[in-house]
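Two complexes follow with subunit A in common, the first pairing it with subunit B and the second with subunit C.
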Partner chain A sequence: MKHARYSILLPALPWILTFGLFWLFPLLFSLIAGFTDYSLLARNGFHWVGWDNYRELLQDEYFHSAVKNTLIFVFGTVPITTVLALFLALLVNKQFKGRGLFRAGYFLPSITSMVVIALIFTNLYQRGGYIALLASMLGFTPPEYGFLYNSNTALYGIMAMDIWMSVGYYMLIMLAGLKSIPDELYEAADIEGASPVKQLFSITLPLLRPVMLFIIVINSIKSFQVFVEIFVMTKGKFDTASMVYFIYDVGLTTAFRFGYASAAAYVLFIIIMIFSIMQFLLLRKRQPVW
Partner chain B sequence: MRIIIVHLLALLFISNAYSETTLRWWQFWTDPAVKPTIESMVKEFEQANPDIKVELTDLTWANGHEKIVLAFSSGTAPDIVELGSDWIAQFADNEQLADISDDIIKDSSQFQGWGMATYKGKIYGFPWILGTRVIFCNRDLLTKAGYDTTFLPVTIAEFKKSALEIQKLGDDIYGWGSNTAERHRLYKKFLPFFWSAGAQLFTDDGKYCVISSTMGVEGLRLYHDLHKYAGYVANQRGIEDAFLDGKIGYIMSGDWLLKRIKLENRKINLVSTLVPGPKYPGWSFLGGEFLCISASSPNKEAAMKFIRFMTSPENQIRFCKANYSANPSSLKAQEDPFFTSNEHFQTFISQIKLSKHPPVIPEWVYIEDIIEEAVEESLFKTDLVAEPLRIARQKIQKIIDEKK
Partner chain C sequence: MVTNKLTMTLRYVLLSIGLVIMLFPLVWMFLVSFMKAGSGLTLTELFSSPLTFSNFVDLFSHGNMGRYLFNSFFVAFVVTIGNVFFCFLVAYALVRYRSPFNKLLFISVIAVLMIPAHILIVPLYVLMLKIHIYDSYWALILPWLVSPIGIFLVKQYIESVPEAMEEAARVDGAGELRIILTIVMPICKPVLAVLAIQIFFTNWNSFLFPFILTSSEQLRTLPVALAHFQGQQAIDWQHLMAGSTIAVLPILIIFFILQKQIVSGITAGAVKQ
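Right after this comes the complex of A and B.
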């Protein structure tokens, strides 16, 4: 009987080992490291410092700025991406010639390497680049040295790129959600004389709520962890450093303060957890019963 | 049975007699033009020292620093590691590097750059290839701006005036290549102007930060004005591209630009000159590549032997020829015709004697960030000069006081 119980675990052993070694151990190690002065450079081990790292985070201007930038990024990109993805999904859900091409076109950026896209956009945002040219044609004055070399535009430039890149992926998920709504509901609404707008608000959006919840939660978590774009495009300069960039910077570049970086990582973890719970509570409230 | 045992013992004896020391060396030169030279030097060293084998590992500038730190952290550091001058203080402060002071006494006067490897009076690295920055000019643009063919800016005033004259030439022509907020790079461009203006970062005893002195403010004002009134702003690569395309009159760059011009066969009427100062010439920034021995290496003697071989004047010349580098650390190597017959290399060799390096303290990583922040503030945000330096002084002083 005992043998039988263990033999069940045997096929799962590779996964359990991988999980333990690469997920659970780092998770617990960084939790403990957050309460120490562990530095990758130090030869003499590390010492317990209690809540010092967390107290220092509260006073660290760099960290404050990283939290602010991350929140701007999340609140700026998630709603716009969600609305745009819904709009595009509704658009490509209709029958028209070349629909497949549009679907593929919108989806294409999300399967392209982030580094490649970031490099392309770095060029587009340069002084004299296409976006500056476009802005001038529309009557706007582009920043003197380019969009990424200005604190007022750099973060928003990265956010715009991020929206452009990810909207296709979320559009596809929305599309799957739209396909799952039974046609009979729209037919009944047509018979009742409901306008397309009424149908959108009374049928489509309520029934898409679980899909939207999924998209908002997933996109928020991804946005809280924004790093690659910032690393490639600005290296955290011009008020663009995010929380993950901060963690990378203090933990793996400037001073290799792994303990301090671990504490910041746990702050990020707590923020993401609180936001995810809030999103669940807010969006699950009026979920329709099938 | 007895015969077998005798043979086994004999084998054991022979293998012990020929036991090899394996040196693990991590280095950054992966360029196809340089790597074969490195490999052939290693081979020659192994032939000359049959009891030592060298295991070569390549690093990249993108993540080499992180890899080295992780290796030291996990106790798997190589015996010899190539370190940039900026990194030595951090590693030395954490007792990760071997003190080689006693081994280099007889070499000290034959090589330059020891100051960058000296931490708390001990030497932790052997200077290999040094690096400084000089001013490159596009002679054609200077001529178009009305200067005769022998003109070279000597004073800061002449330099600024001629950059502004080039700027006046018209659309898409700029007087000066101004670096954007590139980390670990911006301060290396600003400090030469700062030092040339007569300013210093700290008082001589290192106790007080004096970055915001009148001379410091003058240094930043010059850098700010060049940026604002004549600046083509881009990252280093972008500036060099524009310079080689004939769009910029002056840039500050290292010897890698000469290599690029040669490799890409660029046609540019190039002049190189020393950094201008109030009284010609000014100061430039000094950095370099060092060969260091890990404190935990069990093969320190063999490692030192290898370092001496790699940094010998002959091998430095070979390396510089392969890499088209201008700055060997060996004074004897600098006298080789490869350097003396090239006017641009001569500019570098002259400038290196008029170059300063930042203080060798582990806190420098934070201080350089603060300096870059002040320069960015002035150039890209507030347009102010004295105020960003005043704030920088406060922040740097806080770091120094905490250290005390």
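Right after this comes the complex of A and C.
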């Protein structure tokens, strides 16, 4: 161990600069800009406007729907993805022929570019596309102009795609969690004569809790920031705009309202923070519910 | 044993249906990229159309695909090299140096790990404008050269590396930089490989930041170019999917070669929880 008072600052310099310039500064900038009318187009500088931006957000219907859509997205995708990932992990956990193929196949979409996935599904969701075909085969009437041109289906279509894409990734993390459960526990349960279902609920699930917590937290934080698929597939139309889409739209297109967008960004930031802390406390304290 | 066989069959059936659902969209993309016309809207059309390379040729000869491909490779490569080197350096200093700043530095790493990056699009855009690197390679590379997740991963790894060898080299009179680069860094190869793959994939696929921090066509990476293609009326599905295939292929190849490292990279953060 080197005892050096300041010599750490030299090797750490790249991080210190990155942290200061690209993380700390933007965070503080947004905090302050949120209380001003700063914009790209304002000729005579900017003014302090107090809580006006936040008050405007409270009244802004566009923002309301962005919050609503984001919440639907998070609460719709995260639980389903988690349960599906667990189910798949249990299916491919034990050794059997072809297991590697299934694992790789399920995982593949999650390392593919989101833009590419969104383009592919734009076609699959269109009128007469494969998903419309599948829907009619199952007895549903697909929307007339395709799933993405309908306010009742567009957001759910994007959500389904998101689940499809990320489930294999979380399956892999679940598998690592399953691997860390000692075999002796199952052997002991076998000797006691516990059924596989009993073993699932009293060994596997309780011991998987930390991994599930981890998955739920990282997936929620990611899902709260949904943007790319919405930008590519609907441009926020048909009731699909998310909060990040709202920030992009008001801050970096036509009006370039940096101040207003910054206020919205802080609302999202605080929601995500509250949410992560809540999930952490909730899932950490409570006794197993399963 | 009858029930055993039954559950095994059921498992295969379920998994196979799942696999078809997971792979069909990607197979569709791949096949359409080789089609002369149409977009494979029926299975017969999809699997029996004559195949051609002309979509790919068009993208390079009439379009700017070569440039986009270069941009994607260049940016992802430089950012990856930067992360391997800088994250290692910072992590090493955090573990082996004792100074009053250690704790503060580590807290900054953990804090950034928790900041949702997408909320920073507006201030980053303004910053890039103000320091005059908006719409340049710098804007695509500089913010991502050191990542908190990288520092975190390498730090965990170095903590398990015994210090004895470094001490021995120090006694022999080896310089600090030499010890770091020729003794510690080679020991860290496994974790650095995992980090490199992760960073390369993330940057190769990245869309939002390259999209908002550049405006000229010459600086588009593949995902940005593909998203712009889609807005044009002139482009058809065959060419769009050919471009998509080009964007997916390198990832696919790396995945099949380095599957083990990729999987261990993904699970590294979770198991330690």
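Here is the rule we use: the second predicted complex is superposed on the first by the 281 of 290 C-alpha atoms of A that agree within 3 Å, B and C clash if a C-alpha of one lies under 4 Å from a C-alpha of the other, contacts with A are read in each partner's own complex, and residues count from 1 in each chain.
Just so we're on the same page, a contact is a pair of C-beta atoms (placed from the backbone, for glycine too) under 8 Å apart; a residue touches a chain by one contact, two chains touch by 3 or more.
Here the structure is a predicted model, which means the values were calculated and not measured.
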item	value
Touched partner set for A:A42, first subunit B, second subunit C, both or neither	first
Which of subunit B and subunit C A:T254 touches, first, second, both or neither	first
Touched partner set for A:L71, first subunit B, second subunit C, both or neither	neither
Which partner reaches more residues of subunit A (counting touched residues only), subunit B or subunit C	C
First, second, both or neither for A:G168, with subunit B first and subunit C second	second
Touched partner set for A:L9, first subunit B, second subunit C, both or neither	second
Partner chain(s) touched by A:A194 [first = subunit B, second = subunit C, both, neither]	neither
Touching partner for A:I181 - first (subunit B), second (subunit C), both, neither	neither
Which of subunit B and subunit C A:I80 touches, first, second, both or neither	neither
Partner chain(s) touched by A:I203 [first = subunit B, second = subunit C, both, neither]	neither
Overlapping contact positions on subunit A, where the subunit C interface meets the subunit B interface	252
Contact footprint of subunit A on subunit C as seen in their complex	8, 11-12, 14-15, 18-19, 21-26, 28-29, 39, 41, 86, 89-90, 92-94, 96-102, 105, 108-109, 112, 114-127, 142-143, 145-146, 151, 163, 201, 204-205, 207-208, 212, 222-224, 226-227, 230, 237, 240-241, 244, 247-248, 251-252, 255, 259, 262-263, 266-267, 269-271, 273
Contact footprint of subunit A on subunit B as seen in their complex	65-66, 69-70, 72-73, 90-91, 93-96, 180-183, 233-234, 238, 295, 365-366, 369, 376, 380-381
Residues on subunit A engaged by subunit C in the complex (per definition of touch)	1-9, 11-12, 14-16, 18-19, 21-23, 25-27, 29-30, 33, 88, 91-92, 96, 98, 101-102, 104-109, 111-117, 119-124, 128-130, 164, 168-169, 172-173, 175-177, 180, 210-211, 213-215, 221, 224-225, 227-228, 231-232, 244, 247-248, 251-252, 258, 261-262, 265-266, 268-269, 272-273, 276
Residues of subunit A touching subunit B in the complex	39-44, 126-127, 145-146, 149-151, 235-238, 252-256
